[in-house]
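After this come two complexes, each holding chain A, first together with chain B and then together with chain C.
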Partner chain A sequence: MNTTLLESVTTRANHLIDPGLAIWGWQITVYLFLGGMVAGILSLSALLELRHGKPSSPIFRTAPFVALGILSLGMGALFLDLEYPFHVWRFYTRFQLASPMSWGSWILVAVYPAAFVFGLGSLDDSGRSFVRSWVPKNLEGLYDRVEKHAIERRREILTGVFFIGLGLGVYTGLLLGTMAARLQWNSALLGPLFLVSGLSTGAAFLLLTGLHEEERKRIVRWDVNAIGTELVLILLMLIGFGYGTESARFAASNFLGGPYTPVFWSLVVVLGLVVPLLMEAVEAKRHLPFTLVTPALVLVGGLALRAILLAAGQDSAFRLIP
Partner chain B sequence: MSASKKRYAMTVDTRTCVGCKACVLACKSENDVPDGFCRDWIVEEVRGEFPDLSAEIRSERCNHCSDAPCVSVCPTGASNIAEGGVVLVTHGKCTGCKACIAGCPYDARYVHPKGYVDKCTFCLHRVQKGLQPACVGVCPTGTLTLGDRNDPASAVSQILRKRKSKVNHPESGADPNVFFLV
Partner chain C sequence: MEQIEPVERPLWNPYVAGAVLGLVLLASYLVMGFGLGASGATNRLAIGAAWCVAPHAVETNAYFAPYAGPGKKILDDWLVFEVLGVLLGGFLAAYSGGRLKLNVQKGPRIARTQRLLLAVLGGVLMGVAARLARGCASGQALTGGAALSVGSWIFMMMFFAGAYLFAPLLRKQWR
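Then we have the complex of A and B:
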């Protein structure tokens, strides 16, 4: 058996690396949050129309374009994080099968045209003629063909958007989940966890815009399921870490007594999941008036989940296990 | 891994290393490492209970892992495996996304002030000319040895056959190639 380690001194003091990793900050938190939310908005609005026909609430006419705006904000944050931003085009010179970040860059490229044709079909005629007025003269022929398909092939487009949204949501979690060196992220459950959290924050965003009664009830019902699933996934993640090897138990301890315990349980679990879940359940049961507090809390929880996991992950490495 | 292919590895003798940091300085001057950064460094560990103590001094650097996670997570192919299994970063392809830094179990990488990610290269530019890496050449106690692990006649192979060795965090699964002689 090794004798007890009394002291470990290193001469290394590299910026952003020591004493603990600090390479990814608010930009990545914001991107993961907005990316997840866009995944939720796209998948949920596509699913709503697939199952119940064209939704009537005003937001759904423009939701795909709003989602693209939000995604662009997120990608702007991502761009700000790059240390060598002029090389951003390098993401698109190849596809690296084993790199989730490479998958993500190509998924992001797929989201734009998919959401655009989705949006064209969601607009009414006046909306479409407004879009057409912005199209350059020589591209009008192409635009008309795209618009024709956007309307005629609505079902295929909705299905495609639904799955691209799921892909976007899952990848943001797997991006972290595939880094075995960061003990806190070393779980494939981060993929589904970030996906359902994205669906939930996407639902919260739609709810904040004021939906018609029938559609609000449907989205709330889905949100209850998403939040419930998220709680189960968090429990499974903690079980997986807690009964795992030494490095996994290090990860579990961060949330079960360690430094990230207070923020994780208060902001993510209680305020961001349990309280909104109870509020949505009580509102539905007692027919209480809907308030904007519930979706607002879900958004706070979603942001906190990403910020805390991002920080705790960078704070976890093999060298920190005594 | 075929036997004919080169596989560069390094041995670090913890029984002769005195922690003088000559390797750190030699690397900085050879590779023009920017102020405040280092590609290799010294770790000193003290174990036991006073007065029964033991110390271990290690000269550490990138492990040039055979199953390098930094290479597989890189979205652009900037992190790559070069001659002899040496892990390199092609500066012109690096976006500075830092996925490789997050993926490295040894925290051996850093962001160069110019924006790309940088790390130890086993001084491949010198090794290809038949020279030793700067850190190896300068070491006053002969602690460091670099060589082809797939060549049974190389100094590294002979040392690894003769001496007991360990690697840092074998549980990383990355199959590191810097061996510490104990």
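Then we have the complex of A and C:
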């Protein structure tokens, strides 16, 4: 039986409901990648300050605002993907507990004010004066109260931003993980996998900006842990698929001999995870100078992970299994 | 950022490196079912680039046509991924050996531009010759040689003969 027809009947997809079965392109890849990276930047910046006091590297003064800029780029890509972009506001008329898209919409809304308040507290006095100069006269009172809280309640804000960042990171994976009809995405590990990948790409972004020695070492150490966890999660995901039902074994075969095997193992596992992990380990052991290539490889690997999983997921729809 | 002067570690013993390369070849056969190669990947990249610019010329050329065209995935080949791994491995080795820096390796009397032009010329000659010989030092000599192919052994002997013949002409570039 024709595979497309089979899926059309099984999932009730037809040209009047969903004109296509593989409809997510580069826009969603970019959105998931940038969203994960922002989650990493926010969570790691907040954690660094919570554990070791205010960081001294220049990027941390503006990191929350930079993160918001990057997130806006990602949301711009998402916006380009929407068939009816001006219907977005409907997401915010309710909250659907069982819908990852509803969770995601509300998390994205929470990220903006949280990161803004986080950023206000990170800026120095001249930076805050600059921000204030842009505030309309009638909102200055409100702004002053927000700024006062941003400084005085720093610890609570850092804790909140840390968890909102984690929520954003998990959501990018859960968005795919809850779509059981796509065999490649039918794994509860996708949420944690995208979270650690987001933390790792966020760390890579921070490292690319040139951190002070002590802070760089801390971020590299966290990055090593994130990459190690990511490798374990990928292994567990493949084991879970490999020992699962017939459809799960089909999903595993995509990466174990199937069409996505070369790109997945070379770009994601070797180039994006194993090589950066070895370089970070060798750097610490042999006291080698830091190279920007390591975080650059992590970013390439993070982008490849999302692009490949997105393509493989849409390709691994319900079909007749011999 | 604090700069640490890297400590260069000694290069591997070439005989040990050669033996390990042989094991890599064995592993390549065992894991992938194919041997090693290099010029095949360059060939595919070059044809792919040519197809992007002049698809009609590539599709009507008897040599290029089997590689590129609508529906053909020219980069979906073991050699392309293997060469990517060679680049990464070389990079990792240079970094762990404390030798990672951007430079042009050349003799003291030759200008950088001249050295690069000679390298490009050598690369083009090597690329054309490798296609005529249906393989390069890794595809023919290493992989074919390991499979005891007579043609590959003849290739290897001619390869060394050619190198010994022309090396004196180019030796002064390195002095």
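Note that in this section the second predicted complex is superposed on the first by the 300 of 322 C-alpha atoms of A that agree within 3 Å, B and C clash if a C-alpha of one lies under 4 Å from a C-alpha of the other, contacts with A are read in each partner's own complex, and residues count from 1 in each chain.
Rule of thumb we're sticking to: a contact is a pair of C-beta atoms (placed from the backbone, for glycine too) under 8 Å apart; a residue touches a chain by one contact, two chains touch by 3 or more.
Small disclaimer: the values here were computed from a predicted structure and weren't measured.
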Chain C versus chain B, contacts on chain A by residue: B
Which of chain B and chain C A:Arg94 touches, first, second, both or neither: first
Partner chain(s) touched by A:Met279 [first = chain B, second = chain C, both, neither]: second
Touching partner for A:Leu235 - first (chain B), second (chain C), both, neither: neither
Chain B versus chain C as contact partner of A:His212, first or second or both or neither: second
Residues of chain A touching chain C in the complex: 210-213, 216, 262, 266, 270-271, 275, 278-279, 282-283, 286-291, 293
In the complex, chain C residues that touch chain A: 1-7, 9, 76, 78, 81, 84-85, 88, 91-92, 95-96, 98, 100
Contact set on chain B toward chain A in their complex: 21, 24, 36-38, 41-49, 53-54, 60, 69, 72-78, 92-99, 101-107, 109-111, 114-117, 169, 171-173
In the complex with chain B, residue positions of chain A that touch it: 2-18, 21, 23-24, 81-85, 87-88, 90-91, 93-94, 96, 98-102, 104-105, 175, 178-182, 245-247, 313-314, 317-319
